[in-house]
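What follows is a set of structures for review.
Both complexes shown next keep chain A, but they swap its partner, so chain B is in the first and chain C is in the second.
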Partner chain A sequence: MSSKKKLDAARKNLSKHLQDALMLELSTIPPYATACYSILEQGQYDRSEPTIVNAEPIEVIRQVMVEEMLHMVLAANVMNAIGGTPQLNNPNLLPKYPTELLNGAGPEVRLRKFSPKQVKSFRKIETAPKDLRGALRGEYSTIGGFYAYVRKLLEDACKEFGDKEIFIGDPARQISNDDYFGAGGEVVEITGTPAQRRKAAFEAIQKIMEEGEGADLGGKAGDGDTIPGPAEHEDIAHYFKFNEILHSRYYRPDDLVTDPPTGDDLIVDWSAVSPMKDDPSEENYESAPEIAAISTEFNAAWSGLLDGLHIAFNEDKSALRDLVPTMYSIKSLAQKLMRIPLPDGSGETAGPTWTYLAPKKRG
Partner chain B sequence: MGIAMKTHDDTPEFQAFLTVSAALTGYSSAELQGTGCAGEYWHQFRQVLPAEILEEFLSHSHELGKQDDDRIMRQTYLSDKCLGPLSRTLIQLWYTGQWVPLSQEWRESYGASRFDVVKIISTRSYKEGLVWDAIGAHPQGAKRQGFGAWGLEPPKQRGAGK
Partner chain C sequence: MSAIADDERTYDVVIVGAGFAGGILAKELVSAGHSVLILEAGEDHGKTWETYRSYLDQYYLSLAKTPNSPYPNLPTLPSPSVLDITAVRGTEPDTNGYFVQRGPLPFGSNYLMAFGGTSLHWLGTSLRMMPADFEMQSRFGKGVDWPFGYQDLRADYERAEWEIGVSADADEQTPKALGIRTSGRHDNVGYFDKEYDYPMHSIPSSYVDGFFAKADGMPIEIGEDATSTVHLKVSRTPQGRNSTPRTPKTAKGIQVGEKRRQQFRPRGATGPFAYMGQRCEGNSSCIPICPIQAKYNAMKTLEDAKHKAKHQMETITQAIASKVELTESGRVSGIVYKKYPFPGVPQHELRRARGKQYVLAGGAVENVTLALASGICTSSDELGRNLMDHPYMMTWGAAPEPVGPFRGPGSTSSYANFRDGNFRNKNAAFRLEIGNWGWNFAAGSPNSDVARLVEQDNLYGTALRDKLYHDVQRQVRIGTMVEQLPRATNRVTIDPAYRTPMGEYRPVISYDLDDYSRAGLAAANDTCAQIFQRLGIKNHTSYSPSDAGYLTYDGKGYTFFGAGHLVGTHRIGTDRHNSVTNDEMRAWDHDNLWLVGAGSMPTIATSNPTLTMSAMAFRAARAIQKAVRKGGAK
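Entry: the complex of A and B
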């Protein structure tokens, strides 16, 4: 193989894996969002109790979700830095639920209401690999292992061809903190000299790994970041956030990863949840055109969000800003679906299917 | 109350209440249940209405959904001396989350109820009033539309993917 051909092949391989990273981050958002939105809000559950039910687990899941969104932006920045084309609205690549992450090698993710079973499955998604030896050969079954492999691919490519040959993407495509409504933390922009861009790309990948399953953190639950807000306490990796919900207790940043959390109470009420059907699909609504109409409205909003992300990563960064209202529509429509009983008499409610619709099918 | 939300009410009376409400409001029965308030409103409605009037109100539901809903609404419900004021109060309930008491004249003819007082049914009913959706706005202090939404068209006109 000529060196030009080899370089092309290496770039293509890197791009493919970064596209997988993008879809991986995206795939976690619908299950997390569905569980979060299935939690009943004030006035819907127990009217004698004025405090918001389950405010704490809602906040914990929300924090994870916004970090997944940040990770998507980081993955897109790395992909754009090497001259790839992030695809966000290609129906062949988008997840259909239930699905197994990492093209079938990773844990299963389903669309289910907030329950101990579902939160355990979230914890599994964010589980750190035991060791990275297999992962570095491309045999991974965890998200951490996958990113370790991506990092290695990038390292190898930089070593073999030089940073200058790898970081050929248009710097104008980099999403910056000015473009991103940064609820999940700081964006890493991959700009500057080739060496600076390499350094930033590794920083971006590292950030995804640390915030996710929390590998390489020296045995502590904390991930080194602070949670934005008045208290400014140290954040913990996602695995531990889900563990907090299951234990009804917060971690302290110094808690050891091998031990249960020892911090304050985190109050969870597993019964204040809408009885949404597991893995709702369009087939469930075939005999219920009124529900199907609302489901289409939801899917149209979700598709609009994906289209907007695609535009933001490939053409016009300012598209990102306009997506905030779309995200609120998605939330409100999901909650609406989860209040509508299915006509089958099961007592279960409808739920969002998170299906991408082509523009002409959006009603 | 106090136990997990009951989403499911199979009784023919509740289903009839939804069918008439859908015809009166112009929102589908699924949309009405999507507010999460259908149970509370049904409860309020039943508390206020004498049993035989409730029965009369619901008895026309099987005629609905066939084509001439508009005529049935005008002739059977809105122009009726007894059902008309009830229909208007029910429309206001769905749109604003507020129970608007019946007139003195109605009470004198059909009976007064101690539950027939002006009230917002719940914090939820305020947020879920159909009026917000109908005008493309959101209730103040709840269900925010997000940064920059004021520069966009109302949600239903926005179209997806632009």
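Entry: the complex of A and C
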């Protein structure tokens, strides 16, 4: 193979894995969001004290979710830096639930209501690999292992072909803190000289790994990142955030990963939750046109979000800002679905299916 | 009375009030290495996430979503409420609410006694004053001049804008860019420092703003002078809510005061919800509560102060400052406060806080009632006088097309054209604020529309929804905020006959609008009518003689409300005869006492007072630092 061909092949392989990374981050958002939205809000259940009992677990899951969004932006930045084309609205690549992450090699993710079972499955998603040796050969079954492999692919490519040949993407495509909400941490822009871009790219990948499973951090629950605000507390890696919910107790950043959390109480009420059907699908709504209509409305909003992200990563960064109202509609439509009992008499409610619809099918 | 227990620690500075001014003072003083105690009368809250969530719950559950509705209103510590405002008839004072209103007009404004103060429900408008506003007497023969000018406050404006986190673009905010024909020829020169810009970009304009911008360029005659004719221009309003941080043009950063600052980092919610609120998301409930704290509140600055030096900063809540005690030489020797353990129960313990310097920062009304109750600051006889507000008049109508109201912050733009001009020798200046929330404030929409369509028009189902959507989508509203002049008879006093269940004096308020302000209201009303005509808006405004704030001018009736901008009661000045404090907010009568807040402002002009008051807090903080150091050397 000529070196040009080899370079093309390496770049293609990198792009493919970064596209997988994008889809990986994206795949976690619907299950997390579904669990969050299934939690009943104030006024939707009887309590003598009319307060949001589950405000804390909602916030914990939401924090993980916004960090996944940040990771998606970081993955897109790396991909754009090497001249790839991030695809966000290709129905062939988008997740269909239930699904197994990492093209079947990773943990299963399902669309379920907020429950201990579901939070345990979230914890599994964010489990750190015990050993990276297999992962570095491409045999990974965890997100951490996958990113370790991506990092190695990038390292190898840079070594073999030189940074200049790898970082050929248009710097104008880099999402910056000016464009992105900034929640969950700062965006890493991959700009400058080829060497600077290589450094930034590794920084971005490292950030994704640390915030996710807390890999490589010396057995502490902290993720090395600071929670915004004057207190400068260290944030907790995702795995431990889910563990906080299961233990009804917050971690301290220097708690050991082998021990249970030792921080303040975190109040969880597993009963104040909509009884949403597990893994709802469009077939469930065939006999209920009213539900189907709302589901279509939801899917149209979700598809609009994906289209907007695709435009933001590929053409016009300012499209990101316009997605804020779309995210609000997604939330409100999802909650609307979860308030409607299914006609099958099971007592379960409908739920969002997170299906991408072609523009013509959006009603 | 039993002996008063002294607090163990003597602080460098004791501050009464944990609001805008108290927060900035505490942060500045603690940063300079001084110890600070804040006494806050409000219920112990705001420090944990549960309390902020409980505010939100209370807001969702409130039927009348007034500015104070989410927050605790203890019978023992009442805050004034807009629901208490009624017309004052005859000589009998109106005692409905916390205020005792002597009239002749009701004083319609409120504030909040809580940790964070009224910053919890402000709209976020962060306007600088105009240079003319500091020279009302010399330019127009009205009111008084300030002891310093616009340029003397400019660097403090910069500091305040970076503390609050104001979103605006400097090149859009000069008097010239706002379309103001200033009364001074050089007012536009150096309005902003060349090296300066706001920490964040402007909040995007709303669709409603774009609709009103269609009238841009329309000439409006104002005053008698042809040179005063202005051409309308919709301009964006600087706001204390998070948008996109500005990337400095050069690596040196942006010049703010004496410092170079790198890119601003938006400060989100306080406490464990730190991941929220780093950008405004358009929740559209800024008043009464921003659910994610993207809008600035003083709890953010107070939290910063706490983390600057944990042991130097103490806050005692549920502590009602009751009396400022003096030594024989007239220096303050302590502040007696009532510490109540159970919110809503009058039972309390009397305690005394001690410091080297003392600051009253409890707001324009509370500062006065405390000072009057303590018999201090009497020599000028200005204490409590010159109470000002922005009489707030609304004009509302139905646009000829849907304009998408009820989205975004309460207001994102205004017609600022009338904030200064030669006409100010005859009638008051004003600002026309374009509302984004339909007839919400004006008519209780959209809830009132539902009631009307169901009960009067017998609509239901799809027809109801369609009609509701049709009507509400066309709702537009302009809010007029007109300036008031300082008047000795507009005042806050106390009367032993009126006390709270805790035994504290209730504010007794006399209030009226002079012809200068009424002429301003009339001119604004006329301007709004012209704008409505030009844009084809069907006018639905109605003022009724039964309204609490009904008044007449030149044979026409208008209704005004309070804007929550309480100003002027302990003004700064050039000597002890015309003012309560000097230009650094140090009391003329008491060497180690300072009165800081919007009460310090000699005139109100047309800008919402928060930014100016915050800038002045920076000015006071420097002087207090000097005083503490000097006192320590003795």
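The definition used in the following text is that the second predicted complex is superposed on the first by the 358 of 363 C-alpha atoms of A that agree within 3 Å, B and C clash if a C-alpha of one lies under 4 Å from a C-alpha of the other, contacts with A are read in each partner's own complex, and residues count from 1 in each chain.
Here is the rule we go by: a residue touches a chain if its C-beta (ideal position, glycine included) is under 8 Å from a C-beta of that chain, and two chains touch if they have at least 3 such contacts.
Note that the coordinates shown come from a computational prediction; the quantities given were computed from them, not determined experimentally.
Contacts of A:Q63 after superposition: chain C is touched, whereas chain B is not reached. By the touch criterion stated above, A:P325 is placed in contact with chain B and with chain C alike. By the touch criterion defined above, A:L101 lies against neither chain B nor chain C after alignment on the C-alpha atoms of chain A. In the superposition on chain A, no contact is made by A:A204 with either chain B or chain C. Residue contacts after overlaying the shared chain place A:D178 against chain C, while chain B stays out of touching range. Judged by the touch definition given at the top, the superposed model places A:V273 against chain B, while chain C stays out of reach.
Legend: residue contacts after superposition of the two complexes on their common chain; A:L88 is shown touching neither chain B nor chain C.
Contact with chain B, but none with chain C, is seen for A:S303 once the two complexes are overlaid on the shared chain. Greater residue coverage of chain A by touch, when chain B is weighed against chain C, goes to B. The interface of chain A with chain B overlaps its interface with chain C at residues 42-43, 181, 321, 324-325, 328.
Across the complex, chain C meets chain A through its residues 49, 53-54, 56-57, 60-61, 204, 244-245, 247, 263, 265-268, 270, 272-276, 278-279, 281-282, 303-304, 306-308. By the touch criterion stated above, chain B contacts chain A in their complex at residues 1-5, 7-8, 10, 28-31, 33-36, 122-124, 127, 143-149, 152, 155, 158-162.
Within the complex, the chain A residues that touch chain B are 40-48, 181, 271-275, 288, 290-291, 293-294, 300-301, 303-304, 307-308, 321-322, 324-329, 332, 335-337, 339-341, 345, 347, 349, 357, 359, 362.
For chain A in complex with chain C, the residues that touch the partner chain are 42-43, 50-52, 55-56, 59, 62-63, 66, 177-178, 181-184, 227-232, 321, 324-325, 328.
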